[in-house]
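Below: a set of structures, written as structure tokens.
Next, two complexes with subunit A in common: one pairs it with subunit B, the other with subunit C.
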Partner chain A sequence: MNEEKSINYERIANLTDIQKDALREIGNIGAAHAATALSSMLKETIMIDVTSSHIIGIEDMQNELFGDPSDKVAGVFMQVTGSGTHNLLMLFPFENTLQLVDMFFKRPIGTSTELSSKDESAINEIGNVCACAYLNAMSDLLGITLFPTVPGLAVDMLGAVLQFPVLEIGRRVDYVIIIQTQFIRNADRFNGYFLFMPDDDVQKAIMDKFKINVK
Partner chain B sequence: MSKEILVEVGKYRVASNPTILKSIGIGSCLSIILYEPDKRIGGMIHAMLPYYGEGRDKHNPIKYVDTSIYILLDDLLRMGAKKEKIIAKIAGGSQMFSFLGSDIMNVGERNIKAAKETLKKEKIRLKSEETGGNCGRTVILDMVTGGLTIRKVSENIEQNI
Partner chain C sequence: MENENNGKTVLVVDDSEVMREMIKDSLKDKGYIIAGEAKDGDEALVRYKEYEPTVVTMDVVMPSTHGIDAIKTIIEHDPKARIVVISGLHQKSLVMDALDAGARDYIIKPFEPDDLISAIERSITG
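Let's look at the complex of A and B:
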């Protein structure tokens, strides 16, 4: 296990500034598409700011993201088919999830303290719209075909929510692209994370596109 | 207060009285507890996948349900535990995301099955379990009593098994 990790760290450490910018750019383009889609769904201007974008080893996701595995989060997970099988997880801290659904239903921010089943559908839909927009941007940029599948939602402890992706995808994939974003509406800002776990085909396409040498 | 030891994903810890072993946020992973009440020694495993034989990573047998049980059992026997006294408890094996019917989604269920098979093979009694469903669990083992406390975010409750 340690060996696997050191390979991941090495890969990340080896990225040049230009390559890191390239990764960031993937995040920016995807987020811009997602913001447009979300704005038209909610019929008001939503901006999505990319605060950071980087690659980490899949087993380090938990520590890298929030640190505390008992933190409550909402995760929207979808499998992506087309060229290969990939996975996309959108993650929102629980506080921000409540704010996002308040925004979705045009309630004053801070109204919700728990998620109703209608709220859960809403967060699933927000995740779905953002994920699809992000995938479109990726497939345009890389010239590959990516089809989203029906998303699934989990609202629970961070550790538990991340386990499924780490377990099942971790059998095929070594790293994950993390794009940390903020959803902005007027003066309100909410955190959200796109975690893209591409399999070999797409990993290679990304690396080729940005001339990143792996190993 | 007893010393508290955290058992992280893909790891296991053995302890004697008085200690508390804890794993946070178990989803589709499985927490396996072996406890010997006379000696008050035991251990907690935080296993990720069902079978060592199917795994890609061969460096860490604790990642897998079957091999991790053998290793913990061996440790306890070396510490003087009587095999026929050892009891087992398991928790976890959830399906966190409810969607699709695809078989790659049921890793939690397969983890539970692997644990039951291995325990049966070793003739260890499964005393209680809190498994399946679609929620995350935090598990806490008190070495004084062998009691296992389960906390869930989804129901905001605590239970002892």
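Let's look at the complex of A and C:
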């Protein structure tokens, strides 16, 4: 582990409980807004249950998610600029991705076994709308402008999808906020993960909002 | 379809294929003619010059030239262009940027078809 990473891990350890709570709360609010947008897009009542939210070092993301790097997932990734630079990744297990596109195209759940190019466009747009709702909520709360890049979709093994954030973003961002959610539609529950990787400027805006002093 | 929208044409600009389909379906249901579509801001200007549509629907976050810059280039070419922004982003500063650039209306994704049609009609009559 290089010196830069050692410093980063030290910073996570030094976050106070109230600082961690503030970061998690921002994630929870964003996820709730994303669920509202998803409901509107799918014309279905989608409830959301935040099952866990925690802050970990970016290199530990994989272990904290599904556990098995060979699990197939769909990931929608955005870089966000405006006030600082940070990153947002939405992950859906592949089985749940198929359910989402079935709902989107009004097909019986279970119809899809693979994703067509049109299905991929749909899941990318679902991720885009959810991510924008998330960013709008954060922008309103923090009073900062957040402008995303074009979303990129990757459908691959978890380990492959996480490779870019770990290798590239890990150079600039030291920790990731993981919001594990369950989207609930009637008796169906499916998992989604929001991974929010804020840079220093966004972290400071969050702490300022909650009137938390940063040493 | 015979109605008052016959002859009114719309250029649909969005990088998402599925979103373009949703917008086109909503417009066609009300009798609008789809003049064409574009996947990014650069293509939007080319298609605008080619089709001279009654209205343009414009996404914001797109590859190469994003929607707000595309509005500026279209308005520069045709100051009377009617452009309605359709975006998932509704942060105040971005909405103001779009309106300042010359957009006539701004609606949020996901949208109700009636909201889209109302915005299109406002852009034409306003």
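Note that in this section the second predicted complex is superposed on the first by the 183 of 215 C-alpha atoms of A that agree within 3 Å, B and C clash if a C-alpha of one lies under 4 Å from a C-alpha of the other, contacts with A are read in each partner's own complex, and residues count from 1 in each chain.
Assume a contact is a pair of C-beta atoms (placed from the backbone, for glycine too) under 8 Å apart; a residue touches a chain by one contact, two chains touch by 3 or more.
For clarity, every value in this text was computed on a predicted model and none was experimentally measured.
Superposition note: with subunit A as the common reference, subunit B and subunit C can be accommodated side by side.
Looking at the shared chain after the overlay, A:17 reaches neither subunit B nor subunit C. Rounded to the nearest 10, the angle at the Cα centre of subunit A between the centres of subunit B and subunit C is 110 degrees.
Applying the stated contact rule after C-alpha superposition, one finds that A:156 touches subunit B and leaves subunit C untouched. In the superposed model, A:146 lies in contact with subunit C only, and not with subunit B.
Contact with subunit B, but none with subunit C, is seen for A:167 once the two complexes are overlaid on the shared chain. In the superposed model, A:72 lies in contact with subunit B only, and not with subunit C. Once the two complexes are overlaid on the shared chain, A:114 sits clear of subunit B and of subunit C alike. Of all Cα pairs spanning subunit B and subunit C in the superposition, the closest are 6 Å apart.
Counting contacts by the rule stated earlier, residues 149-151 of subunit A appear in both its interface with subunit B and its interface with subunit C. For subunit B in complex with subunit A, the residues that touch the partner chain are 9-10, 24-29, 48-49, 55-57, 59-60, 63, 94, 96-100, 102, 104-105, 107, 134-138, 153-154.
The touching residues of subunit A, counted against subunit C in their complex, run 37, 40-41, 104, 117-118, 121-122, 124-125, 128-129, 131-133, 135-136, 139-140, 145-151. Across the complex, subunit A is touched by residues 15-19, 61-63, 87-91, 93-94, 109-110 of subunit C. Partner subunit B is touched in their complex by these residues of subunit A: 1-4, 59, 62, 69-70, 72, 75, 77, 79, 149-164, 166-168, 171.
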